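We just call them A, B, C, D and E in the order they show up, numbering each chain from 1.
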Amino acid sequence: MLIETLIAVTFVAALAVFITPEAYAPQVAFALSLLPLVGSLYMWTGFDASGNALLEGSTVAFETQTQWIGFEPYAINWHVGLDGVSFPLLVLTTVLVPLAIMSAWTPITERVSQFYGLILFMEASLIGVFTALDFFVWFVFWEAVLIPMYLLIGVWGGPRRKYAAIKFFVYTNVASLVMFIGFIALVFGLGDSVTSFGMPEITQALHDGELGGFAGLTSDALALAAFIAIFFGFAVKVPIFPVHTWLPDAHVEAPTPVSVLLAGVLLKMGTYALLRFNFTMLYDVAATLAIPIAALGVFSVIYGAMLALAQQDLKRIVAYSSISSMGYVILGLVAFTVYGIGGATFQMVAHGLISGLMFMAVGVIYNATHTRMVGDISGIADRMPITVGILIAAAFGYMGLPLMAGFAGEFMIFLGAFQSTVLPSAPIFTAIAMFGIVIVAGYLLFAMQRTLFGQFRLETDYEVTRAPLHDVAPLFVLIGLIILLGVDPDIFFTMIQDAVDPIVELGGDA
Amino acid sequence: MLSQLPQPLVTQPSTWIALAPVVILATTAFLLFIADSIDPKGSNNGPLAAFSLVGILGTLGVTVWYFFAGVGQPEGLSLLADQVVVDGMSLFFTFVVTSVAALVVVGSYDYLHDQPHQGEFYSLIVLATTGMALMANANSLITAFIAIELASLSSFALVAFLKHNRGSVEAGLKYFLIGALSSAILVYGISLVYATTGSLQLDAVAAGVAETDNVGLLGVGVLMIVGGVAYKTASVPFHFWAPEAYEGAPAPVSAFLSSASKAAGFVIAFRVFVEAFPLDVVVALGIDWVLIFQVLAVVTMIVGNFAAAMQENVKRMLAYSSVGHAGYVLIGLAALGGGQDSLVMGAAMMHLLVYGFMNTGAFLFVALAEYRGIGRTFEDYNGMWRQAPIASVAMTVFLFSLAGLPIGGGFLSKYVLFTAAVGAGVWWLAAVGALTSALSLFYYSRLVKAIWIEDPIREFDVARQPVGLYVAIIAAGLMTVALLPAFPVVDLAQTAAASLLA
Amino acid sequence: MSTWIAVGALAVVGVAIPLGMMAVSALLRPTVPEQGKSSIYESGEIPTGTTRIRFNIQYYMVALLFLVFDIETIFIFPWVLIYSDAVAQVGLLHALGPMLVFIAVLVAALIWAWRTGVVQWIKSPEATKRSRLQ
Amino acid sequence: MVGLLPLQDVVLPDRIADLTGLDQFGVFGEFIAALLAAFVIANLMLAMSGVAGPWAKRKITAAFTDRIAVNRHGPAGILIIPAASVQLLAKELIIPDGADRPAYDLAPLIIASSAMLGFAVIPMGNGIHLADPETGLVLVFAIASIASLGLTTAGYASNNKYSMLGGLRAVAQNIAYEIPLIVTAASVVIFAGTLQMSEIVAAQAQPLATVAGVGIPSWYAFVNPFAFVLFMVANMAEVGRNPFDVPEAPTEIIAGYQTEYSSVYFVLIYLGEFLHIFLGAAIVTTLFLGGPAGPVLPGIVWFIIKIWAIFLFTQWARSALPRVRIDQLIEIGWKGMLVLSFANLVLTAIIVGVFIA
Amino acid sequence: MIAPTQLLVPVEWYLVLSAGVFCIGLFGVLTRRNALMFLISVELMLNAANINFVAFSLQWGNLTGQTFALFVMALAAAEVAIGIGIILVLYRNFRGIDVTEATTMRW
């Protein structure tokens, strides 16, 4: 019942914040957001999962399963649980949300209680997404994330917020619909071999070759069509080229704390779901399609990096670099090696922390200068040394500086991809992807150099000075966590590996 | 001369006890009418609303009690010489209709506070509810027609209730004209069915259909009955009245018509077509009404949703969206005969239940806006959250649930409907439904955007707090959300549908 | 069937006789067009205004009321026809009860109409003033 | 319902068909026979309402106002009526400006024809009975109410404000009193259990009681005098006689709908009114006074005596009673008569029911 | 209660009659712009149905059709009552009873 309690507490906290008077809402929201954090840390102490929650022969931590809706032909069960893949992401969520809330204290001045209420509502839904083991329950939470995000961008965003919010909403909903149809078709194709929407059950049935034809498609064609539909649905979320165009707009227009969560957690929903659905359930299709998927991933890496190189807006740079980073994750996933998939999972967490940190740091600078244009804020290092220092550290983390989390993730992905037996000509893909690192280093250094150093020329009618403590504190926490994970990746990697091994065993020799 | 006078069914107490929901409603309407006669000029808004609510809630209670006590299940109780029947389906729909009516009455309390003729208003609302509840019980074309007319005639008056408001009067006129026309068509269709089968009681009609040799006449009759039903459910091509009537009518009345009236129209459709024109018989004769409904469903979904997407007026958008939802529910008829009959019909019933709450809530929110003197277009709703934050949250829930996002019961009911259609082999119906749902998200989210994201174009002074409207909206919102986890009641709908189909 | 033929025959005769009278009159009567002869009669004055005046709304109200009540009586006739036999067969309560309810509804409608002034002939302000003076 | 009671006598067309041998020509023969019968009955009624009625009316009115009337031509001045008819028929027909022409011409026709058609189902005794459908009572009410259509048409078509008001008043009055009329008639049907005129008459033939050796038949006027009174009052309003002659109201609206009618049209309207009075009387007679039943004399004579009695009563009321105002008329109709008639219906039903049970 | 009767006129003729009346009504509905004419046309359509009911009631030898015809009449009257009421307020608001003139709302 721990997971239910966690979700319920967060949800109630959201409601409580929603009706809190504006004056106290920031502090109350922060205090209440600590509850899920404490909860998830407490759960860590009792975390006893082994294996992958979707596959047989595993132990799922904190699992509960009761029937919810028993209609024919497929029952819907309330089925939640955690394994080595989902737990790190749960922790990531519960860690990032309090930090994001604190970083919102400065920029968010209007409709405060609504803002924090929505953030907490989103957190509750995110916890649901990462814990649900029934497709339907999962989908309910998956969609429930969109609504607060839509409003968060639309209400508190920048000048073009309405456009960005609608774009985000339309993209992700169309994607969800396609994915949903694809998955339902898959379940129908399974016919009587499954009785519910339980993800383990469906996975099992698929692996047992129970998939039959449906709507005029043969089982192979159905699997392929469903895979593509599902992949498309998640690719929008990740995002992967060519369905990434909502992301820069959403990131640029969203207020900083929302960007933090968007890049830090929401993108990981996509990769998490890819891992769960495409690469676990339909691993054989994924293996067949390894080359195009890897190509997409690698292309995203290069393309995102190149675009980032051309940007003038710091936030846009970080946003495009996220596309690039997510490309690595795809490459890691498709490699079907322990280090590939495990590294990809680790990279999800690492990138969540690092991109969150970058957005937060940019946000702190923006709070002070009200601009993010690279040219405008040159020399900001003089005025805000601590913030800039952390921003540089984060950039190095992005580039994969050893002893930081990014390095561990990327290194493992490259290692895994290089060794891949599933992906033909894996070394070539890996090499191209590694070239992406060079571009990342290039654009980040270039941007830092132009941005941070030199003469401070910005003319303002107020004094640009050091950021307040509550702006900077989350930065410290995050950089600390990044270094901690970089120094000792086994904090998460052990459990990730535990959950990833069975997948690799499935697909490794395919 | 009167050797075979029927047994005194009318006065058997058990008959009236079984029909208690309808009887309570009718009595309430009657007493309201009397109360209004006693004090026609006075303003007794509170007591009148309270009394109506008591009557409706009483009905609701009795209905729920009967439902769970198993009255008329699985075999329906045929009463009054088989003219009415009490079974799971009738109780289910009585529940839908009365819950909508309860919300509407609560919402009307504020809407009416400065209007004359409150007594008539409540009386008509309850009377229309009676008609709709009777529609759920109708087991013969006579009862069906009378019940339809009882509901319609009351509705005509309700739509034109604001008699100094040109919009309301115009809406009433158009609703009335098309209503009169379609009831004429319906009754002519019934007369043709009678001509070919010699009966109007549904089972007897079914028996007559099997023996008839005048298929052409019967076919025309069935087609005309489809037309009458399409009008009542606001399905294309008889939907023209809906946007006009809903836009012009007082918003609580729009809520009532678009939710309860539609549900009642569908129960007639379900019962009449399943009972009186059994598929295995009529298809052999060449009267494939499922095909008609398939065409209607596709056209209705497409026309309703596309038209809704093009509206600038919120009420009109909701009106067209309600046309679109009629299209979804039509799948419940259009997918029959595919081996999943009870599933699809149960799903359609379930969608009507959920729709009853979310759509009523949405229209009541519009009522709140009208009450506050806010304009009609999307722009006028900008920044609405400032005036009614809680209601705006509820409205967001309604809209997303209507679109089929998993924030309310609308998601599950649509899901069951579409998957059932797929299971019945008409996957293209489900595909059209899914695509139009995706489209609907566009125009629903436009309103969400206006309410939450846009800045208000002008300021409003908030004078009187409409407690009743708030209560109704919040209740509808709670029910919409609660129907997501509490969706297992779908089993009840399916049991009811299964017993009808058996 | 001769019943209806007979009724029809009287209808024919009933129309034929007046028509015959009209024909006879048309043969007998003179036609002398004269100025002013055909002007409408308004107590010898020159007619003023149009005839299509707006008259008392109560005429409509009463007509509506009648429409409903008159049609309701068609339900009374079948009942009175079988009433005696019905009482003998199914008892007083069962034969009378439903119709009492029906008439009660009608009477309630009448009371409502009465109370809301549908059958109240609207008096002109002058008339109201006069009645107050009395 | 056919066959419960044997028909008391054969209706007139059949008898004529029998006598003339027309019945061998099928439907066509039947129609000819029916036409003959209809002609007989129409002329009988015309003689009464067109000739005797107006004469009696003048005499009575004169007697009431203490003056001498119509005594120049023929015995007791009876020849004045043919003279007046010829005079009226030979008068110029003046069509008012702006009259709605087809309607203006149709109205007198409707008024006269509909009143005459009503006699189709009235049993007059001695087989003078044109038709005897099962729904006779309903039919006669239906036909009788056509007249108000004619009155309104006349009022509307004349393009005269007085006529317009008269026409409207006629409708308002007719509809106000029609419901009490019909509901009261329904209370009588409770006793008879049939709508067939001949059987209503037959049902009244049973003895009700014997007072001092004289058998009193169960005429419904005796069985339910309350209904009889109600019916008489309502009937008076239906035919538009005092105290309910507001549609004509010569002193207010100059004879209302007839203001603009002259020549033969006026004759027809006048005739129609008298026919209507006699039709009302015939209905009352059939429903309440045992129809043509009576001792010693033949049925037709009794029938004529009875309808004349009612006619004379009407004429007495015309002279003796003041006219009500239009608002009083409506109030009496809707608030008084209607409630009383419903009360009568319910009470009759209860009493009859208790009596049977 | 009534035995199936041999009708004087074949039942098809009644059908043709009622169809004719119905079509006249429908034509009126589609062409008339006057609300009152519209009402009258609808009444014609209802009465067309009544012709069927009564004719086939005799044909089938049951009273169902006649009963329904009574109900249809009553409902037609009620419908007219409501309709006239609406047309009255229409007149007050729009100074006319042309149904195409009331266009406050976009069609």
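Please note the rule applied: contacts are C-beta pairs under 8 Å (C-beta built on N, C-alpha and C of every residue); 3 or more make two chains touch, one makes a residue touch a chain.
Model, not experiment: these values are computed from the prediction.
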Hypothetically without chain B, remaining chains sort into A | C, D, E
Using only protein Cα atoms, the chain sitting most centrally is B
At the largest C-alpha centroid distance from chain E we find chain A
Farthest chain from chain C by C-alpha centroid distance is chain A
Busiest interface, counting C-beta pairs, is C-D
Averaging C-alpha coordinates per chain, one finds the centres of chain A and chain B separated by a number of Å equal to 43
Distance between the CA centroids of chain A and chain D (whole Å) is 94
Rounded to the nearest Å, the gap between Cα centres of chain D and chain E is 31
Chain centres from averaged Cα atoms put chain C and chain E apart, in whole Å, by 21
Residues in chain C with touches to at least two other chains are numbered 63, 70, 82, 85, 91, 95, 114
Multi-chain touching residues of chain B, meaning two or more other chains, are 1-2
Chain E residues touching 2+ other chains are 78, 85
Chain E residues touching chain B in their complex are 1, 15, 18, 22, 25, 29, 35, 38-39, 42, 45-46, 48-50, 52-53, 55-56, 59-60, 62, 64-65, 67-68, 71-72, 75, 78-79, 82-83, 85-87, 89-90, 92-94, 99, 102-107
The chain B residues in contact with chain C across the complex are 1-2, 5, 7-8, 10-11, 30, 33-34, 36-38, 40
Seen from chain B, its contact residues with chain E in the complex are 1-2, 4, 141-142, 145-146, 149, 153, 156-157, 160, 163-167, 169-174, 176-177, 180-181, 183-185, 187-188, 190-192, 194-195, 198-201, 217, 243-244, 247-248, 313, 316
Seen from chain C, its contact residues with chain B in the complex are 82, 85-86, 89-91, 93-95, 97-98, 105, 108-109, 111-112, 114-117
The residues of chain B that touch chain A in their complex are 343, 385, 389, 393, 396, 400, 405-407, 411-412, 416, 419, 422-423, 427, 434, 437-438, 441-442, 445, 448-449, 452-454, 484-485, 487-488, 490-491, 494
